[in-house]
Structures are given as structure tokens and as C-alpha cells.
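Listed below are the structures to be examined.
The same chain A turns up in both complexes below, where it pairs with chain B and then with chain C.
So, the complex of A and B:
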């Protein structure tokens, strides 16, 4: 396209509007390795002491960061694994297979989006307490998986929808049954979709806060989000340099995954579930 | 049933199982809980019957005769056959016979009176301590005693001989019950409490402003990055994707740092003689602006992504043609682009209305409904009521009723959307019939 307009006013306007985010993010990184005198805006001293939490708990009574990180990995990893393995079959069934109640299932998957955390969490909280899964990582994993599942099924159905029917028809014509066709011919076509969904559910669980906070608040099953919020909430001495260091540590995997798999994730973020 | 049907249902089975356990069951349970007065005070399993000081104080409020309520609270000692038998077993038949003969049927208020009477007995136990223990055998008070069943409780009450009529006894059982009971009170509360009305009004404000910001600003970002040269566009896209990919806890922490009274804005403005203050919670207006911006930045990233991909789908020949005809950028946007973005905009609006209605994590983390409860939206109010209450008992029942309102709105809205977005096209029949 020809540029029949001046770009600089738009750029300037965008730059001004983006300023809060740029400032917040720049200071998020800079403040983890510097000290700033109170009331000043410019950091004046380089230091690595804010990263001491990697080796010893920042305050007495806090859990070890590595145990918490392991928990978070277990939580996000298992959630992602279950979501992907359940969605991969259900998505295919909804996209391609004739079965009773198909229309009802599809409508159901879409309607389940209308049940966000708050509408279910009270009942789930009481159910977990009754079954003894309260305060365990397993309980949170199951609940997060269930909440993520309608979205995963929907996305997988979308990926299956793009696979040409001709592939399947050719397989059937050659005498394979539907299961073999799915496993040998269709599944390889949706590998990118599986990877993207896996990453997306991993990130979603990694960032999840409300569920672990309500369903597993105690020390042993803490994840990074609740660990960090407890640190911030305990306002005896708000130390933003420490918060930012822990925050950056917590956000690094997210940003790394995002930088590497940008394009893959973009497809999915478009239909994401956050406000 | 044909084989393909079985395969389909088999493929769906794991998902159906999880959905039944963690969606259908909780929704049904929410509906059930909403008709109870379950709270952290009543516990979630069954309760017992117990008269406590608090029960005694509350009884007159329910129309129970005050005099009788006070009698409930007293330590009553009565010499009855059951007590005498116990006394005989513990301290010998002589003492039991003697007490039976002189005191049978008498009632003492307080242990001291009874002890005094017991001390006059010839066959009395030697030590004072033993007399106290012996006196306790005649204690006929229900205060602070747990009864597992209603029958046991009624028997104990009858034993007290308070001369209660049937309705008074029923009332007493009801008030003394510590477990949860069935009730429709929650819905009456929702209809009458001023705080629910306030939460509803806050929700409308929140959804209205944030939605306008999300769609408007998202559209602006998408259009601006669409027209800017590649490198600039990529930079701004990368910046604006950040709010969406950062975990909420970190994102809010950054906002707190920006707005707290020792934070960036205060430090920056102190150069211009503005008193440092908490820019997030200083006043209602501050809190509302923060909430809308915090949620709006996240929503605008989503809008940007959706609208950008819709923009790329517009055939570029149309844009070139309009330029040849001499259209300015604004005319191009107004006459060519916006009409083609009608569906993405409608979809984003519909989708975000629903998710904003029920989202509360960013508000919970940032203002937590404050200052006061001026930014407490319905979802957060529900959460506070049932699960995160500083001031007292967690009211699961009332919370469930509040959540159920959201469920009903959610289902109604999705049904409308399914109609609006051409559901029948999505369920095109599979082409292989087998």
C-alpha cells in the first residue's frame, strides 16, 4: 500500500499509550539487579542480592523456591498432558464421527465456557473437602484440567476440521477402519495443533492463581503464583525488588515459551479464555 | 448401534467422565447448596444439638419465652432415680438410700446447694472432692452438652421439666441444631440485601466501561499496527501482548508498584509537588480507573489479536481499489474495513461480556473490591461471601445462590450466542457414513 498519510503521529500516540506497560516491564527487569534510593526513579547501584531467594528462603518460614517450582511444573505439566490426551480423541469424535447426541455434545462444549471458575469453585471446594482431596496437588490438577477441557476440545475440533476429508476417504477406500485411519492418517496432520494446545494449557496452568489459592492453600502444595501472592500480601516490609525478582523468575518460562512458539500460540490466544 | 457410533462414544468417554465429575456435579451441587444455610459455622457434614450461651441469648429473638431460656442456662441438679442408682453404684447403697429418703424429687440451682445438702448425710464420702463428683451425678443441665440425635436432645430437654409446649420444643430443637438446614432464605437475602444491589450495579459499571475500552482500544491497536511499517508494528504488538501472557499475580504486582504511595507515579509526581498517595486506592474514582485499565489492557491485547487476524483476511485488492479512487485512511477504515469487521467485533463483544461478568481475579488481586466495597463486582462478592471473608463465617449457602445467578445468566447468554453465531453450520454432518 502507498503511504498516503503521515505515520509519525500514530507512532507517537501509540508510544505514549504504551508507556505504562513499557515502564512497568523495564523496571520489572532492571529492579531485580539494582538498588534505588527511596523517592528516586533512577537506580543507583548494581546488586545481585535480590536473587538470594534462589538459595535461601527470603523470610523465615517461607518454603524453598525450588520445591515450589517443582510443584508448579507438576501442576502445569500434568494439566497440559491430561488436557491434550483427552481433547485429542474427543475433538476427533466431535469433528468427524457420527454418534448419538453429537449436536448436544457440541452445544454442551460451547455452553461450558459459560461456567467460569467462580460459578463452580464453591461446590468444588466443598466436594474436595468431602472427598479428602482438599489441599492436595492432585485435586487442583483435576479441577484445572476439567475447567480447561471444553476449550481444549473446541480447539482440537477446529484443527481436525481443517484436515481434508479426502485423506480419510482414501484410507477407508483402501480398507482401513476408522480407528486406524485416525491413528495412522489423521493424527499426524494435527501434530502442530497438539503441540500448540499442550503449550497453551501449560501456560494457562502455570499462571493459574485462584484455584491453587482456594483449593490448596497450605505449604506443601504451594505453587509459584500462591507463593508470590503470599509474599506480596505479607506487608510487614514490602520489598518490591524481591517481588520483582521472584516475579521475573516465575515469568521466565512463560516468556521463553512465548518467544520460541509465538506463531503457534497466536492461533490459540485468539480464542483464549482470559478477560 | 453401529460401530462408528461406538467408536465416537468411546472417544468421547474420558471427556464425558471429567465433565460429569467436575462440571455437572458442581453445578448441581451449587444448586443444592444454594437451598441450605451451610457455612463454616455449621460445617459441611451433619450437625448435632447443643445449647450454648449463644443459643440462650438468641432464643428470645425467635419468640422463645425469656424465662424458660434462662432456665436452660442454669445448672440444675435434681435428685431422681437415675442419679440415685449411679450414686449407689459409686458410693455405696447406704448413701444412696439416705439421699433418696431425704432429698428425693428435690431440685437444686447450682452445685454448691447440693454439696451443702450432701455434707449433712451420715454416709457422705470423706473428701470434698468426692462430694463434688457425687453431686455431678445429679447434674441435669443441657448447657454445652452435645446430643447427636434430635431424640436424645428432646429426651434431655423433657428431663429438665421446663413445661414446654410442642411448638416451643420444636423451636428449641431448631435453634440448638448446629448443622446446616434446608432453607430458601438465601434467595430472599439476594432480593433484599443492599449489598447485592450494589454488587450488581458495580458489575454493570465494570462490564460497561471495560468492554468499551477492550473493544475500542483493541480495534485502535489492530488498525494502527495494521498500517504502520513492519518493524514498528511488530514492536507495538509485542508490547501489547505482554499484559495477556504475564501471569496475573506478576501483572498486578507491577501495577501496585506503579501506583502505590512509594511507587513510580508518586515518586515521579513528587517532582511537581504532588503529595504522594496510593493512586490505586486513594478514592473510588482512582480504584475504578485502575480496575478498568488493568482489565482493559488485558482485554485490549485479546481484541488486538482477534481484529488483526480479521484485518489480514480482508482482500488487499479492495484496499488498493479504494486508494485508487482517492479514499483517505479514515474513509478507508470507515467504509471498507469496519463493515468487514462487523462479525469479529460482535463476537468479541459477546464473548467478553460473558467473561467479564464472571471474572474477578484481577480485581481480587488489585483492589480486592476496595476502597470499602466500591469496586466489589458480583463475582468477587460471591467469592468473598463463600470463600474469602475476613469478618466471620464463610457463607457457602448464600455464596452458592449468588453463583447460581451467574450460572443462569451464563447459560442464557450462551444459548443466545449459539443462535447468533450460526450454530447449525458448526454441526455439519460427518461425510463418511459408516
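So, the complex of A and C:
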């Protein structure tokens, strides 16, 4: 800590500014285990009844929370897996291989990355209906993956660009074929990018709401975000404590991942330079 | 193993970088490819190791035509300017990589890695990562990795360019030692004539994709084929005087002074222009053909001192002398040239 710079005024300012968020988080947690009368800030009793949804069979008309959680994991996991495996190869191709239309591809990827995807949703909806993938998990996974890919490919190309050509030349001269060179010599250099991209697309899919809501709104393909929306949809007496409990349950994996992997996630902003 | 390039041509897009190059390197020889940046040295090297496809001509290793043999099967060892060590592997794994690819068994790999590590003096570094090594040590690892397969040919692309001055001196003799010990045929690419002269048996000096002279270091220094070669070889560099031929003398341009020309020179006709190259060690106080000028710059090099002498027409001659008798800047001196040691060039740069 440098002594020519007082830190406590800054700390105080930041504390005051972030107080609303901290309070919101605190109440999110507190409210899930207490009952509070409307309008009051002071909880009146401790209870676990808002967490009953985890153990009890679902009310009629609602999906089973564990099935929905599994769906969400499948959705986020598959998206992440596909994005990573496609980006890791196409990023290399765009960075290194002398392929036709390379410039065009790069431009396209960049444009798609910046494209406001919501505007496509009607077209996607129609396409899924025509192909029979509407209201299926696979349909949403495919759409989400397609929308995440430009970002992933671009990021991975950036990571590959930082690997010196000479490493590949050395590998070739050492007798390895191009594929071995990629797998044994180049891939380990872009591992940080790969890990970060995997986490990123997992989190992005985990918190995705619009796509599942529009493309797979009900029944067996529900994910946690749409499940939560159903909780408060046209209910005359919405159970906000239950809503908050599910919300916390929904946010837990995200928080855990951030806590464990925040170092790796930072990598993606460094563009491959190792810190 | 003997290496021969026959009518080698390389183009990138529409530009021909190398055209019809011929080069032969004897078995066990170390040859320098010397030339200014961008003249096609690396391109030639990469063609020999197979990273670049040749656009014309043939490449022979021994008597075998390897022109279309893929790089992986050519058995060449390459050392790159930035060493290109594999950052995620430790030193042992780096050196073992070519053997692993060849699917040698573990015991053989172990023995060979140890043996080569001894040769390049790094046996204690084997479990470190490349990033933990100094430049000189990385260089040794790169050499070890290139040599561990016992390649037919060793190719070095500016191997000393990234080292500081002291290490460069040390690695210069180290590389030569290792090359001689293994008896491997080697090509050294460099833009530094001191490196080329001190490390190699022969030098091929390149300019704009052409080999302009191929000779031993000593011969190339004393007997350059062109003004370009004369200007490239030697440090401090040679200086040039322009003038016109007047019988057996050279009348210096814009000057009343003239110099006798050596009888070794095949003189052009009277009145033609001629350029005389004079090395700093051949412009000395006690040499016969005198020229007067003013000392315009002094560089103390320790054992020796380098003087720049500006003649009355503005041309500059360099003289290197032992640091015994000091001269001062601005001093008028009349020093001499040994006409037989001068090099004469025609207007087009060719040697006369």
C-alpha cells in the first residue's frame, strides 16, 4: 500500500455507493429464511418453509425443481461445450490457416458479434417451428450456441494470434505433423482462453432468459429462469419469499463459479497475455 | 551430409524473393548466409528445412533429392532467433520432444537427453521451465533440442541476435565447439559479419536474393568481389574514395590531390570514374601514398583508436591505430595509403 495516497476516503465512498446493492443482497438472503410483514424491514420469525420447494413434490401446474435444474445444467453445459469445441478449431483456422474467404469470415464474425440478436428472435422462432425444434431443449441450445459462437471464435482467434509462429515451425522441424503440433504445442498455450471461454459461455447460458422464454416456454424444457418467471406469472398472491429462495438457489452456482474461477475469467480480458 | 541447392527459386505472391540460387555445402562444413535484413536468408533456410515449399529448383541432401520430402521427414534441426522453446514443457520435455514424436522408448530418450544436456552444459537445468532460464541458457536448450535427433543438418537462424554482447561472444564459440564436436553440417544465418567470420568455414554473402560471393572469411575480407561485399565485411567498415583515372593515378573528385593506383588493378580508360576502397588498417601514418586531411572524429576502442579523417573534398577516410600516440580532433594530418592494399571498383560496383 503506498503511503502517499490515503485509501480510507475512497473506501468510504465505495462503501456508500455500493450500500444499496449490499442491502439488496442481504435481504435476498434474509428473506428466504424469514417471514416479514409487508412494509416492514424487520423479519419476524425464522423459517425454512420457503425452501420446501427443494424437497416437496411440485404443486400442480409447476415443474419439478430438480428436473428444471437439470435442464438448466444441460442447457448451459452443452452450450459451453459446443461453443468451446467449435471456437477452439475455427479460431485456429482463422488465425493460422491460409483459407479462402478468410477476410470475409473475420468480418462476418465481428459483425455477428456486434449484432443485436433479439431482432432475430421472430425468424428463429419460425425456423424452430418449421424444423420441429420449437419447445425443445435442443432447439434452445442450438440457438444459444449459434449466438455465442462469434464471440467465442473471435476470442480464441485472439489467443491463437499471440502464439509465436516459430513454435509451430519448431514442432514441424522436430518431426511432428500439423495436428500434433496444434494439439501438443499450440493448444496448451491457449488453455487460459479456453477455460475462460468455457466458463463465460456457461454463465451466459445459465442466466439466459429471453431465448428459453420465447423458444421453449413450458413443460419439460423449462430452465430455472423461465421457472422463476412462471412463479410470479398471473398469481394473485405472488409468493415473493419463495421467488427469492428460488432466485438464490438459481444464483448459487454462478456465485460459486465466480468465486472459484475469477482468476481464469479475468484472462479473457487480457487477450491471452499471461499475467 | 552434403547439401546442395540447385536453381532454387522462391516467390511470395508475385514477388520473387530468391531466383535461381545455387549453393553447395560440403559435409561437416559450417556455412554462413550473410546479408542485410530482408535479403532472403531466412527464406533460404526455411526452404532447406522444408517449412517453405520451393517454387523452383532442387534440394539435395547427400545425393538424395529431398525437394518434395515433407519437413518432418528431412531430419533437420533448427534453432530459431527467439529459440521457440515450448513454454508449457520443462527443459527435459523440450529436448525430448523430437524423440517422443519419433516414438523412441523411454530409456533411449532418457539417455539421449542426458547426453545432449552434457554436451551443451545444461544438465542441471532439466526440470526448469523455459521462462526460468537466461537467454544464453535458452539458447543452449534450443541447440540441444535441435541436435538431440542427430539430424543430418543443423540450421541456425540469427541464433545470437537476442543475446547481450558478452553472452554473444560466449555462445559464438560454444556453437562452433558443438558443431565441430558433432561434425554436423550447419548453416548459420546472420546479418552480423563478425559472427559469420568468426564461426564459419565459408561465407555466402547475399544481396537481394542473390549470392554475390561465396568464399572463406579471410579471402572474402581481402578479396571482395564487389563494392557491396567490401562494404559489408569488416568492422570498422571500409571507406571509399571516388575519382577519375588519369594514367596510373586516381584524381580524387573535387580535389587537387591524387593517388597512385596499384598495378594489380586492371585499369579502365583514362577519364573513367573509379571508386577506391581503403580499409582502416591500410590508412596509416607511415604508408607511402600520402593524403592530407583533418581529424573529424575519434573513437577510443581501448587497445585501438579509430580516427575519421575528412579530406579537403569532404570524403572521409577511416584509420585504426594502436592507442600509443594520441591525436586531437581538428588536427591536420598527412597519412599514407598502401596502394597495393587498396580495392578498386567500377562505377557499377564490380571489382576491378
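What we mean here is this: the second predicted complex is superposed on the first by the 249 of 275 C-alpha atoms of A that agree within 3 Å, B and C clash if a C-alpha of one lies under 4 Å from a C-alpha of the other, contacts with A are read in each partner's own complex, and residues count from 1 in each chain.
Throughout what follows, a contact is a pair of C-beta atoms (placed from the backbone, for glycine too) under 8 Å apart; a residue touches a chain by one contact, two chains touch by 3 or more.
Keep in mind it's a predicted model, so treat the numbers as computed, not measured.
By the touch criterion defined above, A:207 reaches chain B but does not reach chain C. In the superposed model, A:188 lies in contact with chain C only, and not with chain B. More residues of chain A are touched by B (comparison of chain B with chain C). Residue contacts after overlaying the shared chain place A:172 against chain B and chain C alike. In the overlay built on the shared chain, the residue A:180 is in contact with chain C alone; chain B does not reach it. When the shared chain is aligned, chain C comes close enough to touch A:164, but chain B does not. Contacts of A:243 after superposition: chain B is touched, whereas chain C is not reached. When the two structures are aligned on the shared chain, A:74 is found in touch with neither chain B nor chain C. In the superposition on chain A, chain A positions 169, 172, 177 are in contact with chain B in one complex as well as with chain C in the other.
Residue ranges of chain A in contact with chain B, taken from their complex: 1-2, 4-5, 7, 10-11, 13-14, 18, 20-25, 27-28, 38-41, 85-87, 89-90, 92-94, 96-100, 102-103, 105-108, 110-127, 129-130, 142-143, 145-147, 149-150, 153, 165, 168-169, 172, 177-179, 203, 206-207, 209-210, 214, 225, 228-229, 232, 238, 240, 243-244, 247, 250-251, 254-255, 258, 266, 269-270, 272-275.
Residue ranges on chain B touching chain A, taken from their complex, read 1-5, 7-9, 11-12, 14-15, 18-19, 21-23, 25-27, 29-30, 33, 38, 44-45, 210, 221, 224, 227-229, 232, 236, 239-250, 253-258, 260, 262, 264, 267-268, 270, 293, 295, 297-299, 302, 305-306, 309, 316, 319-320, 323, 328-329, 352, 354-356, 358-362, 364-365, 379, 382-383, 386-388, 396, 399-400, 403-404, 406-407, 410-411, 413-415, 417-418, 423, 426-427, 429-434. Contacts from chain A toward chain C in the complex involve residues 164, 166-167, 169-177, 180, 185, 188-189.
Contacts from chain C toward chain A in the complex involve residues 46, 49-51, 71-73, 75-78, 80-82, 84, 86-88, 97-98, 101-102, 145-146, 149.
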